[in-house]
């Protein structure tokens, strides 16, 4: 997923109080996530894809200012004339955005100024929220909140990228023991019969890329009951997984050579022992935890090695359809995926790690982006990317749903991405 | 499509004489296509993706030597010990290939030596063909012939890339007037109802990526009766198509900026008049001919501008299902796409130009690559590419079929690629 | 100049009190220069060559820790085990340095921690300074102070690069009117006869690259009495200086094309009026001020255009020999070069701008770098660079002298670099 | 040296017959050197700096056509209107040159057409040569011949680069045993006292960069009596020369890391034995032959290791002043440097290998390039390059002289470059 969420289609029945409360809660959560940061941590952009935390804070305010306040409040004075430019992510319809790879060069505005910017926007938004909102504005506001939740997750993964590449390995949070420490059994699979199933957004909020809901023809398949563990991934590595061209897609093999991949991001070997940098610091690798920070290419190669394949996004959604949205979300404050419970049936669908699918990110039949600049939210990224399903340990619980389509490029590794296997029914 | 064709699955009932005759015909056609070339033209690699003609000639011999002669003829002596390395395209299972971008640096072996290599391989293949072939060897031989046909088309497009970037603009062939010179009417669409349709390889030869044949659920759609013309594309350009970010995918827009795209490859404006380099030389743009040498990104943007979309590969195959494989193939010796005849119904499915689809190149449900190194033929390229359907003016007629899946990256422009529009049935 | 100053050769007669006082003064000046900065400004690295201010603060402490405290104080405990690695600039003899282009990714250690690091080093240095110092240690200490002065200048130019590329154009200091606002007369030249002259370090501190003092044979020459002004440079631009290949060295012309140079760094045209970003903010171009932030290639092209040439470093040093070290140094707190006074004779030798010479940076006959890792200070950079002479408005006055050799690559523009012309005596 | 020679200054007294004969001889030699080539070898450009042989053949004709025929023969018809563009190397004054890195893409014009081009130019030049030539035209003609001799040497080194990187390692010539096979004694040095010496062009042809002759002040020095051998260089390698940062200039060390240098170009180790590709094929390393194809950085590091330094170009020229121009030139047809004879005194000044000096390529005091486009010949390359002195086994004997200044970038290795050591007189 490039950066942020897409326009809402379906109208939810929400009260004004509800909106005010959600607005307050989501906005407050963004700054709460930054509490462990030093001022210096807010400005760093350690790679082009990872934005500085303060940029996330400003951009999410920019979203409300640009798409709601400037449109709905005639007398609204923008906080600063240059912010429209500086904090535009990729909306060409709004103007030329400031170059993405240079976000880390903006020592100004300072963190304090950005917090003032947020307060300025909040003040005007609160006034607006006290009045009557049209359905359209209410929808845009809800979109803005989901947008901000997406950036909350990105902020955590971008902070992790920064800390995880600093030789001092600072910790973002205190260590908490893993929830379940018993050994994982060999993975089991659940079977699903084929047929025509309905895929896509149900009632409630969704991004435009989840629409329209439409029928899809599935063949019978099996889905792994849990995601792949570090221990299983280590077996792949010990079986020369990174040295066997036949397991990899051609592009993936080229990445292995070019990047020198030998292990997931954040793994390092010291004196023969594997360690993993996590948001709670550098620790010896926990073999029962889900493997995370693997690229789509690594997910594919692992599946080849395991004699399985990745599920399609439709198989995943069909399997998830009847399952409660439960798991280790950001609210659990682990900030790291947790081992599966040894209970029967499909688990770990949500929380822990996003799950790479075999599906290219493409429009659903009849898909229409929102009109105007908000139409750039999702649709224009529908090339060369893969869909990921589920949610991660950095996702807000209220942000997860069965029809959610996350998307990243096959070589991307800095998100909490993991692997769930699938198989054909022979 | 990276470079060459994939393993055969279904066995055809062919006689030994038939095989001998087809072997002779296909092999002879490769050298016949090189007759207009000077010795100097055989060695040039004007970009990484375009191989020198003599490399194509050698690699297609290498294919028979590596996968048939070395396996089937115990006493076979390879023509040269280094050729296994030099003319391996990308089969890691056979050994490390010579670096692709350096193919143009191989002034040796000379053209004459490569023709000797081909004669050496032909001699041993002819001996083999006079004996009894197992079904497996017959299948590999047919695969080798389709492989060679793919390279015949690549050889033409690579020659065109070379000549079309030389300031002297040499012609490969004589000019022939376009077949139909009358103005094209506005494009019409044929309607198709939705439902479950069968997609994939029928009896006869196919590559592994066309298998297995399987059911696909389509929604109702409309397909344009002909491909887009130069005149229509020029209207898109005159309407600022290359300057309007909202028409493009994000990756496409980035290419427009990075490459400075302003028109299809091989178009140039001189004193306000548009010219097109074609294999028969530089000529004023023929507005009735199909637009060609457009990338998948340009095809997408044009469709957006036209209020339409690209068809999926399944829509295309379903529409093509009942149509005869007819059109302007390489045998017509135009070496350039021809205007559509003004007849009712879908036309130009085959010949003229490959047609970009909206479909990512992905495995069909239950897809299994061939075992061994031949399994690298198609499967490992199933990421980040789009499927193209049909065939072009550079394709041998016997190489085209409804289930054929060609594949290239969205920015690729040097093949004879064009645009057919589709629409939802509202 | 890559980053920092070189080993001292000649021993100065300095008292212990003098050393203590100078140590205190220089160290204090580094932090004083940072007073206008927000915490956020300390960490930014807006290009590979420009280091974050906090890195400069840490590295200058590292220098004393590494080359003096660790050697001279047996019980010395390094402040942090990783700092030897993080704040090593380029001394391979001390260990592998942290990658230069990644200095801006180090959000940790924080500014506060780096100030603690400095205090820790100062505390131990002060103890050392209270004892008897050998001549060698005294020399290293003086070297460390000159080293820190070099970094003070770099800190200012790096801050300028950061602020000058931020669309908000923050000012580092308040504006002060230019010292002399009268129009500059046409430039005059002073004549020098040729002969054998002595070049190189005299008594007092010098870097190793200024030694040994040795005879050089000069031919008669003329040297411009002041440096080139913005007004003169603007004439060059208006005469198509950036579009005339014949004025440029081949490498310079390639840079013009590749970088799109149209004016000095920090100049921008708005509605036909030229503005210049200076450390006191963006202001309309002052035509009487010296042109600055031009590359060596621009200096060469300007001289060609003006029918003159750049002086050699020996001509410059010979001309400067008898002149007092006076001018607008950092202590003047202009932080920008000032117009020349209209007085007769050579002026602006020191302060204002460094002056590009025609001389490649090369060892003097008999040059010997210091032994050990300190030998990496200057000698290993003697390729592909040009010598600059003088000093700039960002140089401490006590850091300037006639024999000083500054050095940068011909395309570098971010230092306070300017142009002084010379001519042959016909 | 970028590509070709510079304008003549001093007029030689040459007869018309002499000019005709020299013109014929030099022009004929260019094609004679191509006799061992297959047509395919004429077109390859295996790296940006190495041009295809046929390009050299065309460009040297272009030089006479552009600078003499078009100026002197009013009715002259250029052979082809596009050749002015295609075969312009870097003379911006004549028009925009065809991009250098794309020379290898020009399969047309063919070799035969380029030979026709040469014949066309020769025919008109011969007519011109039969008439009376002004001194200026005679000077330009002589310049054109020296220009062509420079390209003859480049043609050989470019062919070697092509063949030496082809896995088939074709030989350009037959093998001849090395001239002297006895072991080299340890190197001895000749001493020179310092003082003012005259440097630069004497009577006879010279390029403009050798002028004006002028006095230079030297300090006493020692010069090695012969160039460094493969055996000596191997000792440097075995002493970890490529792994010791302290021996290298900073830029050189960066090249070692980036390029993975472990040995001179064309050396390769097979089963513990060192081989060298030479124009007579791949042979086991001859320890007595001069080391060649080393960069200026390697020359510097070797000298550091050997406790010596590289000579300045002035030291070299002074030492060479009284020595006959003798050695193994291209006429000897070794095409490889030969061992030194064990005779006393300085030898191997000319022929065998060009010798890197410590001197940056810079204008002599009072240097003036020729007027017009010919002024681009040498002067504009005077940045970032080093001077090499002497001549190589690929240089025509009549092209060598004491004042000759060859120039290449410090990392360049594809010329016949070697090492002669020097020392200070302590």
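A, B, C and D label the chains in the order they appear, each numbered from 1.
Simple rule for what comes next: a residue touches a chain if its C-beta (ideal position, glycine included) is under 8 Å from a C-beta of that chain, and two chains touch if they have at least 3 such contacts.
All values reported here derive from a predicted model rather than from experimental measurement.
Summarising the inter-chain layout, the chain whose CA centre lies farthest from the centre of subunit C is B. Subunit D has its Cα centroid 38 Å from the Cα centroid of subunit C. A separation of 59 Å divides the Cα centre of subunit A from that of subunit D.
Multi-chain contact residues of subunit D (touching two or more other chains) are absent. Which chains touch which is summed up as A-B, A-C, B-D, C-D.
Contact residues on subunit A toward subunit C in their complex (touch as defined above): 38-44, 46, 82, 85-86, 98, 102, 104-111, 162-163, 165-168, 170.
For subunit C in complex with subunit D, the touching residues are 2, 90, 92-93, 196, 214-217, 219, 245-246, 248-253, 297, 358-360, 362-363, 365-366, 375-376, 380-384, 410, 424.
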